[in-house]
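Shared between the two complexes below is subunit A, which pairs with subunit B and subunit C, respectively.
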Partner chain A sequence: MRKISLDRLDALFAAISKAYTLYIPTDTKAGAKFEKWHGEERLSDALNTVRSPKDFFFPQTENLMDFKVEGKNIEVIDTRSECGDFAVFGVRACDVKSFDILDRVFLSDPVDSYYKNRREHGVIISLACTKPAETCFCHTFGIDAASPEGDVVCHKTEDALYMEARSEKGEKLMSAVSDITEDADSAAVDAQKKLIEDRLAKLPLAELSADAFGDGKTSEFFNAPEWSELSEACLGCGTCTFVCPTCQCYDIKDFNTGHGVKRFRCWDSCMYSDFTKMSAGQPRLTQLERFRQRFMHKLVYYPTNNDGLFSCVGCGRCVAKCPIHMNIVKVMKKLGGSKNG
Partner chain B sequence: MVDEREALIPKVGVVTDIRIDTPDVKTFRVVTPDGKKAFEHRPGQCAMLSIPGVGEAMFSITSSPTNTEFMEFSIKKCGCVTEWLHSMEVGQQITIRGPYGRPFPVDTEFAGHDLLFIAGGIGLAPLRSVINYCRHYRDRYGKIDIVYGSRSKQDLVDYDEIISEWKNDDGINVHLTIDREQPEWDGHVGFVPNYVKELGFTNDKIAVLCGPPVMIKFTLSGLQELGFDKTQVYTTMELRMKCGIGKCGRCNIGSKYVCKDGPVFRFDEIDELPDEY
Partner chain C sequence: MQEIKREVLVNKAKELLSDGTVDRVLGWKRGEFDYDVTPGVFRSAEELDSGFVWGDFCGANFSKYLVKETAKGEGRVLVFLKPCDTYSFNQLLTEHRFDREKVYALGVPCNGMLDISRIKESAEGIVSVCEEDGKVTADTLYDGKKTFDRDALLPDRCSNCKSKKHVAYDELLGSDGEVLDSGRFDEVEKLEKMTADERFAFWQGELSRCIRCNACRDVCPACTCEKCVFDNPDSGVENKAAADSFEEKMFHIIRAFHVAGRCTDCGECSRVCPQHIPLHLLNRKFIKDIDEFYGEYQAGAEVGSRAPVVNYTTDDIEPSQAVERGEQNA
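Showing the complex of A and B:
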C-alpha cells in the first residue's frame, strides 16, 4: 500500500496525467461530474456524480461507422480507432461493480468492439465511501462501500490518500506515481473501513434485501397486482435509465450529414413507448408493461442469465432523481415481502 | 484502426433481382458486389438489411442455405425501411449483416419425421427457407404437408414456386386456401386454422407455424385438439430489434432475446416466457 498527503493531490494527478488522460469527479453548476483533469479541476467531495461513469465505456452517443452513398452505390467506412489510455479517479464501489454488469453484456460473444476498446484502455481508480448517503443500498447487492474493487483502490482519510494496486493495469499506473507516493501500513485504512461499516449499518436502507428476487422468479412476479399501483404515476421520462450505471439498452440511428451518412448509437430506454413499437404492433402497450420490464430485467431476467447477479448496484441515483419519487427500492419493498417492510 | 471484427458493421450487398409477389410483397435477391453470397446461414435465421440514412431492420432469410448463389428476402411493405426497399431498382446497393438467431433444428429434432408446415400471408417467408432445405435433403424427412393461406390468390407469396415446384414433388402435399371466394380460384376457401382441423392431420408429425398472431393462436389450439403436444410445434417470433446480437435490449422478453435465443421457438419454450409478444 502507498500513500500521498492530501495537499499533494495535484502532484498525483499531474503524474498520472503524464501517462493517461485523467478524469476526476469535480463540482459543476449541474452537480458533481467526471471531468478531464487539466490542472485546475478540484476533486469533488460529493458522494456520487450525477451521471454514472458508464459513459467512459458506453457513451451516451457514439459514432459506429460512416457510409458514403453515391447513386446506387454504398461504401461502408469503419471509423473505429484505437482508444488512448485513460484513468478514471474516484469511482465509487457501486459504480465499479456496474462495469462487471455491463461487461457481461458487451463482452459476451459476439464482443462489442467499441466497448472493449475503451474497457481495455481504461484504468479504474476507485475510492471508498466515507459518508454513504441515505439513498445508498449497495450492500443489498453484496457490494462493500468500504472496500471497493478496481484497478487501484483508494481510501481518503483526513490527511492522506491511500492507494493499492489490484490488477496489472493498476500496478502499471502505480509505478508511474512511485516517486511521489510513499509506503504505508494499513492501520489508517483499516480504521476507516471499520468506521464506514458502522455508518453503513445505520443507513435507512440497511435492511433492504433482494433475496426474494433472482433466477426463475418470472412467474412469481410478472403478474403481480402491485405493478399497477407502482407504475401508476410513472411519467415514462426515462431519467432512471439514463442515470442508471447498469442500464445498457441502446438505439441505432442514421444521420445524413449532407456529405454522407453517420450511423450512431445512443442510450435508449425501455420506459419509452416506441422502444418496442413495430409496424406490425406494440407488445408493451401501457406504461405498466414498460415499467415492469425495467424492474423485471434488473431483478429477475438479468440474474437468470448471469449466475444470479442482479443488474442494480444500489447507487441510489434513481432514488434521488425520479421526478415522481418512484424507484427500485419501493418496487423491492412492495414486491419483496415482509422482510423488506 | 481496431482490427477486431465488429458484428454491427455490415457488408455491402447488391440487389440483383426483384420479384413482385403480391400487391405488397416483393422478393429481393441479394449478393455481394463481387457476386457471391454475403454469408452462409441456417434455415430460420435472419439478417439485418439497411439503407444508410433510412434505417436498418431485421428480415428472415427466405432462400434456403442450399442455394449456393444468392440470398433472397421476401419483404412486405409496412414501414419506413420496407417502403424504401420496395422503391428500389435492380442494381441498388444495400447493407447486410448476419446471420442472426437460432435456426430450425432441421438436422436434429426434424430429422426422420413427417413435417407439417402451416403459414399465413407473409409468414411463408421464413418457412420457405426450411421447406426448400427439406426438399433438397428429401430422404432425411418423412412425408411433408404444407398448408398455406392468404387473404386472396393475389396475396399468396411465392405462388409460382408452390405450383410449379412444390406441388410436383413426391411425398409433398400442398394445401392452399384463401379467406374469401374469388372468380379465378377453384381451391379451398376458408381460414387457415379451420382448414388445418378439416384436413385432420395425425399427431405423429412436427408442425411449424408462421403467420399473423391470431392465426398462430387458433392454429395452435386446433393442432392441440388433433392431439399435438406443444413440444411438437415450432414457430418464429418477431419483436423490434436494433443490434441483432442480444445487447440493445429491444427484443428482450423474459430472460430471452428473440434475436439470439430465437426467432425459432418451440411452443413449450414460449410457455415459459412472460405473455408480452
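Showing the complex of A and C:
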C-alpha cells in the first residue's frame, strides 16, 4: 500500500496525467461531475457525482459507422479508432460494481467492440465513501462502500490518500506515481474502514433487503396489483434511466447528412412511449407496463439471466432525482413485504 | 410552514369521500424522507390517515394529472390546488383537456414550497427537515443540525411568486390572496441586457447540461399532446440524442415557442430538471415579450380567454416592429 499527503493531490494528478487522460469528480453549478483534469480542477467533497461514470464506457451518444452514398454504391466507413489510455479517479464502490453489470451485457458474445475498446483502456481508481448519503443502499446488493473494487483502490483519511493496486492495470498506474508516493501500512485504512462501517450501519436505508427478489421470481411479481399504485404518478420521463449507472438500453438511429448517413446509437429509456418500437408498435402500451419493466429488469430478469446478480447497485441517484420521487426503494418496500418491514 | 394544517385537508377529503361528492382524492403520498413526497390517488379514509402528506415539499402541480385521472371513470376526483396550480387548471380547461364536471377543486393557500436542492447545496446527508418561526432546520448525518432562513430555500418560482390568488376552485380552504407584483422578470431583464454573444454563452452553458430525459416536457401542464412530435419516429424530427451542440437548444427553444401564450409560468419545468437548468427563464422571456407587444396577458387567469398569439386585433404589433426590436437586441 502507498500513501500521499492530501496537500499533494495536485502532484499526484499531474503524475497520472502524464501517462493517462485523467478525470476527477469536481464541483460544478449543477453538482459534482467527472471532468478532465487540466491542473485547476479540485477534487469534489460531494458524496457522489450527479451523473454516473458509465458515460466513460457507454456514452450517451456515439457514432457507430458512416455510409457514403454515390449513385447506386453504398460505402460503409468504419469510424472506430483505438481509444487512448485514461484513468477515472474517485469512483465509488457502487459505481465500480456497475461496470461488472455492464460488462455482462456488452462483453458477452457478440462482444460490443465500442464498449470493449474503452473498457480496455480505462483504469478505475476507486475511492471508499467516507460519508455515504441518506439515499445510499449499496449494502442491500452486497456492495461494501468501505472496500470498493477497482484497478486501484483508495481510502481518504483526514490528511492522506492511501492507494493500493488490485490489477495489472492498477500496478502499471501505481508505478507511474511511485516517485511521489510512499510505503504505508494498513493501520490508517483499517481505522477508516471501521469508521465507514459504523456510518453505513446508521443509514436510514440500512435495513433495506433484496431477499424477496432475484432469480426465478417473475411469476411471483409480474402480476402484483401493487404495480398500479406504484406507477400511477410516473411521468414517463427518462431521468431514472439516464442517471442510473446500470441502465444499458440504447437505440440505433440513422442521421441523414444529405450525401450519406451517420449511424449512431444513443441511450434509450424503457420509460419512453416509443421504446423498442416495432412494426406492430411498442410492446408495452401503458406506463404501468413500462414502469414494471424497469424494476423487474433490475430485481428479477437480470439476476435470472446472470447468476443471481442484481442490476441495481444502490447508488441512490434515482432516489435523489426522480421528479415525482418514486424509486426502487419504494418499489422494494412495497413488493418485498415483511422482509422490508 | 403552510398556513393550513394537514389535518384540515385530510378531514375535508374524508368528508367529501363519505358524502359521495368525490370517489377518490389526488394528493401527496409520504416518502422515505421528509422531502420525497409522491403524487398519488387515495380512495379511503384509512389511506388518507396513513399516507397523506401536506407541507413544504408538496410542490407538484396536480392540474396535468387531471387529464388522465378524469378519463379513468365516471366518478369525481378531489384535487388540491395551490394558487399557481389554479392557472394551469384554467388553461387546461380552456384547451378542453379534461371534464370540469368530474373534478371537485379545493383551493389551498400556499406559503411557497421549499427546494430540497437549495438545502443540499450546503448540507449533505439530510435525514429530516422541520420548520419553526421562519427557520428551517435540517438534521444531517454528519454535520448535526443546520438551520436556514426559510426564504433562502425557496425556488425562483416561489421567491418571485406571481399570485397568491386562486383563479379557480369549488371551495377554498383558508383565505384567498392577491395577484402579486413580483420580480419574476428581473432575471429575464438581466439576460436581455447581455450582448448576443454573452446570452448565447449563458444558454450554451445551461443547455449543454441537458440529458434529454424529457422531464420538463412530461411534467409541463401545457404539454398534453397525445403524441409529442419528439416521441414520434415518423415525424422526422424525433431526436433521442443531440446530433450536435445546437440540438439541445433547438428542443428547448421549440418547446418554449410551442407553449408560448399557454405557459402559465408554474415553474414545474425547472423544479423537475435533474440538471438544474433554469428553463422557466425561456418561458418568462416569451411571457414578457407578449406583455410588451400585446398588453399584459396571464395565461390561465380565466377560462376561455384567447391568447394574443392566436388572436388578431388591429392594434397588433407589425412584424417589422418585432424584427427591428430583434435587431436592436442582437
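Going forward, the second predicted complex is superposed on the first by the 336 of 341 C-alpha atoms of A that agree within 3 Å, B and C clash if a C-alpha of one lies under 4 Å from a C-alpha of the other, contacts with A are read in each partner's own complex, and residues count from 1 in each chain.
One rule holds in what follows: a contact is a pair of C-beta atoms (placed from the backbone, for glycine too) under 8 Å apart; a residue touches a chain by one contact, two chains touch by 3 or more.
If you're wondering where the values come from, they're calculated on a predicted model, not measured in any experiment.
On the superposed subunit A, the two partners subunit B and subunit C both fit, without a clash.
In the superposed pair of complexes, A:A201 makes contact with neither subunit B nor subunit C. By the touch criterion stated above, A:L47 is placed in contact with subunit C alone, subunit B being left untouched. When the two complexes are overlaid on their common chain A, residue A:V319 makes contact with subunit C while staying clear of subunit B.
Touch criterion not met for A:L107: it reaches neither subunit B nor subunit C. Touch criterion met: A:Q60 reaches subunit C, while subunit B stays clear of it.
In the overlay built on the shared chain, the residue A:D268 is in contact with subunit B and with subunit C. On the chain A superposition, the C-alpha centres give an angle at subunit A of 90° between subunit B and subunit C, rounded to a multiple of 10.
Of the two partner chains placed around the shared chain by superposition, neither subunit B nor subunit C is touched by A:A224.
Applying the stated contact rule after C-alpha superposition, one finds that A:D251 touches each of subunit B and subunit C. Look at A:A191: by the touch rule set out above, it reaches neither subunit B nor subunit C. Smallest inter-chain Cα distance, subunit B versus subunit C, after superposition on the shared chain: 7 Å.
In the superposition on chain A, the residues of subunit A contacted by subunit B and by subunit C overlap at 251, 253, 268, 277. Contact residues of subunit C toward subunit A in the complex are 31-33, 36-41, 60, 65, 124-127, 141-142, 209, 211-215, 217-219, 227, 231-233, 238, 240-243, 271-272, 274-277.
The touching residues of subunit B, counted against subunit A in their complex, run 1-2, 4-12, 50, 52-56, 78-79, 82, 89, 91-95, 213, 238-240, 242-243, 245-250, 252-255, 272, 274, 276-277.
Residues of subunit A touching subunit C in their complex: 29-31, 46-47, 50-51, 60-61, 131-134, 199, 202-205, 229, 232-233, 235-239, 241-243, 251, 253, 255, 262, 264, 266-269, 272-274, 277, 319, 321, 323-326, 329-330. For subunit A in complex with subunit B, the touching residues are 64-65, 67, 69, 72-76, 78, 80-82, 105-106, 108, 110-114, 116-117, 218, 222, 248-254, 256, 261, 263, 265, 268, 270, 275-281, 283-284, 289, 293, 296-297, 300-301, 304-305.
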